[in-house]
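Okay, got some structures for you below.
Across the two complexes that follow, chain A remains constant while its partner is chain B and subsequently chain C.
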Partner chain A sequence: MAEQITLEIKNISKSFPGVRALDHVSIEARGGEIIGLIGVNGAGKSTLMNILGGVFPQTEGEIRINGQEIQIKSPQDAEKYGIGFIHQEPVMFQYMTVAENISVSRLHGKVNYKELNAAARKHLEQMNCDIDPRKRVADLPIGERQMVEIARALSSGGKILLFDEPTASFTDKEKQRLFEVIRELKKAGSCIFFISHFLDEVEELTDRTIVLRDGKVVINGKTADISRKDILRNMIGGEMAKVDNEEERKFEKVLMRVDNLTAGDKPDHVSFDLYEGEVLGIWGLMGAGRTEILRALYGLDKADEGTVSLDLGDGRGLQAIPFARMSEYCGYVTEARHDDGCLLPWSVWENMSAPNLKNYKRNRLFLDFNRQKEESRVYCKRLNVKTPSVFTKVSTLSGGNQQKVIMAKWLMKKPKVFFIDEPTRGVDVGAKAEIQRMVRELAAQGSSCLVVSSEIEELSAVCDRVVILNRGRLTGELLKKEIDKDTLMHLCV
Partner chain B sequence: MGKKEAPPTGTAAVKHSLTEKLKNENAALILLVIVSMIVFGITVPNFMTVGNIFNLLVQASTIGLPAIGLTFILITAGNDLSLPTNMACSAILGCAVMQKTQNTFLGVIAILAIAVCFGVINGFSVAKLKMVPMIVTLAIQTLNVGISEFYTQGTSVGGLPQSFYRIFSSSLFGVVPVSVIIFLLTAFVMHQILTKTVFGRELFQTGINEKAARVNGVNTTRILFVIYVIGGFMAGISGVLMAARLKAAGTSMGPVSAFNNIICACVLGGASVWGGKGTILGTLIGSIVMAIITNVMNLLNVNFFVTYVVKGIIIILVCYLDVLRNQEKER
Partner chain C sequence: MKLKTKQISVKDFLIKYALFILIIALWIVYGINSPHFFTIKNLRSLLTNAAPLLIYATGMTYILILGEIDLSVGSVGAVASAAWILSMTKLDVPLAAAFLIALLIGAACGLLTGFMVVKLRINAFMASLGMQFILRGICYLSADGEQILTPKDVHTFANYRLLTLSPLIYISLSIAAIMMLIYKYTAFGRKIQACGCNREAAKTIGINVDRIKWSAFIISGMLAGLAGSLQCVNFGILLPGSIGEGSEFLAITACVLGGTSLMGGTGSIIPGTLIGVIFYYSIENGLGLLGANVYLYPIVRGIVIYLAMVTDSLKFSVGRRKSKGL
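This part shows the complex of A and B:
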């Protein structure tokens, strides 16, 4: 083998406000090696890759390539040092050709398309890829776009290639093709980092496995020597935290029945029952289709197949409800507060009454604003929303309080079913406990909740039952007492 | 207006909500109107006569009625370039019906119905087919001009029944023109709808954050559709009043350039092309300001083409005002 590239990462640390994303991470790697990098969401994988790729400037520690210390301050620097970053969702110029995309950082002045296309073809052939360089990227399937992205990294002399969850949206065939390419690259002497949520992929492809947890390296060894059980245990860290030892509750009446729900490739024929007064968790890794289930059920995304029925309490039992009308009976606490949760320029009371205007009418035509304000005040007090008054703009409140305003607006509507997506993401610890308690209270009062969360502690604290989702399909179901990390991880990877 | 209420915790500072700010902006505009009235009253001959003031209000109603419709549309960050041409086109076709039948009632209904039809086409294209408002309404504008010019062949449709003129171009007590009364009444009703009904609140939700509005259960497609229909209806009312005043309907009633006055009135009144903002009171005052500018230039015998230059400059200034306000909002 020709000269071997070596990469040394020493004592890299990175902090974000409130979080230590990387804590003295040291890794050595050399050409001809595939390193699998795994860890739960927030373990620091992406932060590490973003530092190597020049997305986040490196602040602490040192990086050496071939023994020489380097400073990566920008993606251009990374490219200069031969580091290629292949993103999960290929970032490309859709309406430019494949060749143009591959050479995009070197396009200026008069472009010689003959040379450009020839160079692109060379790099694509290196990967046994026969994509026409003159095609527009927009016309390629996602798997081929990934190939173009890899070719782009190679064309700038990339010897260290970072793959950030490249297979997340791949079909099986595309995945196998990618793996072949990666093995080819390895033979050619590249040093490859492969991030994935899927343990089988890491086992199949990599030579070495590195597990990150809370910004630290907890496992670093030959993939063949490490058991899956070790990996799982170390990903999560120790035993499970103690949760409230509430009695197992009995449920009898089905409130909502979901049958064969399918929307695009995820969710994929999902069926489950939600009982009255039950908190049902949906657990799965990122990209498993958790949010997509809620969105399809709520009528925000178009469902291709499947039905949902609700027991409206009028003695007629379960009735099929069109998805478009589900918002009349359900409340939806969304994952992205700023994106689709609150109306930021509006005040607290305006936000709290927004989904429920029909119930605040003074007469047939006009709204009763005083009642809206009064009830908002009551709910501010009940949920302990820290705001100077109900006239305060929601944009000035903290994340936790915004989340409480969102919870309050649905509590005021009193829906049959609550959809709750990552209720405590980006919320401080105090508000987190309050919000979790609130979910339990809802259930105690007879409402049913469908909760999506990436935190196992959260699910075991609030849920009576958890269904497990893997790539759009339900793969298992656990009762409260069975919820534990090992089982969850086994069912979802 | 149901919004006067002492805040519970006695914090006066937080009461300066969005509505408060808009009211202040309106106060500034009203002040501008009064000052300019006084200045022009002194400097421009014939400005401060009763006849001219009502003339001015009639002009304001021609701008203001479609501007009320446009305010609803601007709140969703949409646009309707076809408002003035729709006004002319529906007036021409409706007046043709009136001329043939000599039936005032039928004619007025025809004008309104045709105007609403164009609104429905706009609304359907934007809400259901997800087309870009600017392009759709530009297409309808072109279509309107084509129909109008083709039907009238450069003349105008006259010979309408006397009762039509008597009803719509008379003056109450001999001084207050009916068109002004209808304009103010419409503004009052639309203000109530915008500020006090479920529809109005859902409209603002759609304009501020369409995704959040959908999560809140707002049928945003329906909202988007309805506002363009309202826009068409407003153009129709304006068309009825103008045809009665001119005693005929012709293409000159709603030239393409009239849109400038309409959008200026809205933006001066606090609406924003970025969406999420707008009041009927503001638009009302905005249209009076635009009418004053037109009126004064008429009285001063400013060259017709020079008025275009002046209005072009005003539009640029008003657009910049919109940008400034928006930056303030983001801060």
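This part shows the complex of A and C:
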């Protein structure tokens, strides 16, 4: 083996406005080692990788390679220092060939395809891959695309390879293939970081496990010496907040029945019932297919299989509803507030009445603006939206208030079922409590809610029942009193 | 399983070669209905007429592969051809040197459009549309709104024959070939495709996307200058309102017909754009031979544009289905 590469990360911190994403993290890594990096969403794994990959610089601390301090200011810098970033979704030029993808950034002058293909083949063979370098990337399955991305990192002299949840969209076979390649690279002296949500993968593959929580390293030791229980406890940290002593509520009437819902590889044959007045939580790690369930139910993604039925309250019981018409009966508070949650340049009243315009008609042709504004004012007050007036643009409101505007717009439509995806991500503590209380109130008034959240506290606070999702499949169900962190983590990894 | 792959490949084949199939069908129909269609004389004039559009479309292919658009090329051609003719008539510049002036003026126009797109971050559609109006105005002004007869040299050039073919054919074909080679076999060409495929990824791996884009606009402008001048050769007269009029849209249509995606990332000049141009001119040529009403032409043009869009969207949807099936 040639020179051994060492990477030292010393006291690195990174602050974003209002958040300390990394807090004096120090890690040392050597060539020929596979390091598993785990932590819940927001623990700082991605931040650390992005610093090493040159996406953004650290606020404090230093990085040394072979004892020499380096500044990584851009992805090109990272490449120069031999750091290769293998993304979860391969970053590729899909209409170009494999060989071109591997070396396009280093081309100059005339292109000699023979040399290009030979170089690509060399790096692919290094990983025991027999992908034809002349094939277009668009024609490769996703697993092979990842191989191409690794080959690209290798061809630019990558000795430190960062894998960011590479298996998220893999089949089991592709996963094993990738693991073989990673072990091969380890033998060749590369230093490998492997981020994953799946503990079994980390246990199977890595030599060392590092657990991050709230931007700090909480475990750093040999994978073989660390028990799964330790990892779980340290991932979550602390004891769970006491659940309020609300009584177990009884539900009798099924309002929505989902049967065998399948869309692509997730959700995968998901079935559940939602009772009238119930708040049902969906818990799972990122990539488990939580949002995908809501999107398929709401008709945004095409479902391959399965049906949904609703009790429309007309005495006919449960009736099958086409997915495309679900939006008439349901409200959907989306996860990405800024992308698809609301119309940022519009005012509060315009946003609030947008999904429900047919109820605000003055006559056949024209809308009754006054009634729209009037009702918006009422709901602003009811939900305690802090806005100067209903004419204020939503883009100028704070995150929590934007979220309330979104909730209000669906409340005004009075749907049967609410889909709520990560309702309190990125909102402050006060607004968080109010939004959670609002969900409870909705349920008390007889609406049913389907809530997706990655925060266990939130689920135990608002939900009557939680179903657990693992890689697109439902793997368990817990009642309110049974919700606790250990159980949830065990069921989902 | 085997059957399924076969079915898909037949469909892919049909979509991929739709234009070839159409063009052959068209030729057969014309060949049967008009004895003049398959004569050397007619095919020669078809290619000569098609030469300017081929050059416009060659530059446009680069722009479209980058995922941009350039609506100014027609007017660039007009301004450059005006400069070409005027420098010969007013300043007595020899023909070849005047050609150089036309090319430089075209390149300068492309430089300006590129500047607006790359540096001022103006949307390419609007930036080049503005250029289209401005340059057309400049063309009218420089010619005083008059038609100007081309000097004798131009007629000699137009009537010159190499192996019985007009020089326009050689010029346009060799430019298409050179541009195709540059696209396929140089780092610059490969980077154009990379930028068009995935701009963010191109940036991350250290490609200077802005410089590539700017260069493509300059090339497109330069080729437009040449194409406009050649149009002038074909007309035998400088018509400030007609040279390059609508050429940008015909160029885009030819590119898309030839398989270049409006979303960027994929396309080819030979065979793609070349076939697209020949297809378009075959239709016009045949209509002429059949003695069709001239007012029919714009309608046929419109239909061809739809045809181009349908093939584009078919290809796109097949591609999407594929990537989803993975």
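Keep this in mind: the second predicted complex is superposed on the first by the 490 of 493 C-alpha atoms of A that agree within 3 Å, B and C clash if a C-alpha of one lies under 4 Å from a C-alpha of the other, contacts with A are read in each partner's own complex, and residues count from 1 in each chain.
By our rule, a contact is a pair of C-beta atoms (placed from the backbone, for glycine too) under 8 Å apart; a residue touches a chain by one contact, two chains touch by 3 or more.
Worth saying up front: this structure is predicted, and the values here are computed from it rather than measured.
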Are chain B and chain C a fit on chain A, or do they clash, once the structures share the same frame? clash
Touching A:I142 in the superposition: chain B (first), chain C (second), both, neither? second
In the overlay, answer first, second, both or neither for which of chain B and chain C A:K361 touches. first
Give one of first, second, both or neither to describe whether A:R377 is in contact with chain B, with chain C, with both, or with none. first
Quick one: is A:Q76 in contact with chain B, with chain C, with both, or with neither? Answer first, second, both or neither. second
Could you say whether A:Y332 touches chain B, chain C, both of them, or neither, answering first, second, both or neither? first
Between chain B and chain C, point out the one touching more chain A residues. B
Looking at the overlay, what does A:G109 touch: chain B (first), chain C (second), both, or neither? second
Let me test your reading of the model: by the given contact rule, A:F93 touches which partner, first (chain B), second (chain C), both or neither? second
With the two complexes superposed on chain A, say which partner A:L344 touches: chain B (first), chain C (second), both, or neither. first
Where on chain B does chain A make contact in their complex? 2-3, 5, 7-9, 11, 14-15, 17-18, 192, 196-198, 201-202, 205, 208-209, 211-217, 276, 329
Interface residues, chain A side, partner chain C - complex: 74-76, 79, 91-96, 100, 104-105, 107-111, 113, 138-139, 141-142, 152, 264
Quick one: in the complex, what on chain A touches chain B? 298, 300, 327-328, 332, 334, 339-347, 354-355, 357-358, 361, 365-367, 369-370, 373, 377, 388-393, 409
Sort out for me which residues of chain C touch chain A in the complex. 184-187, 189-191, 193-194, 197-198, 200-202, 204-207, 265-266, 319, 322-324, 326
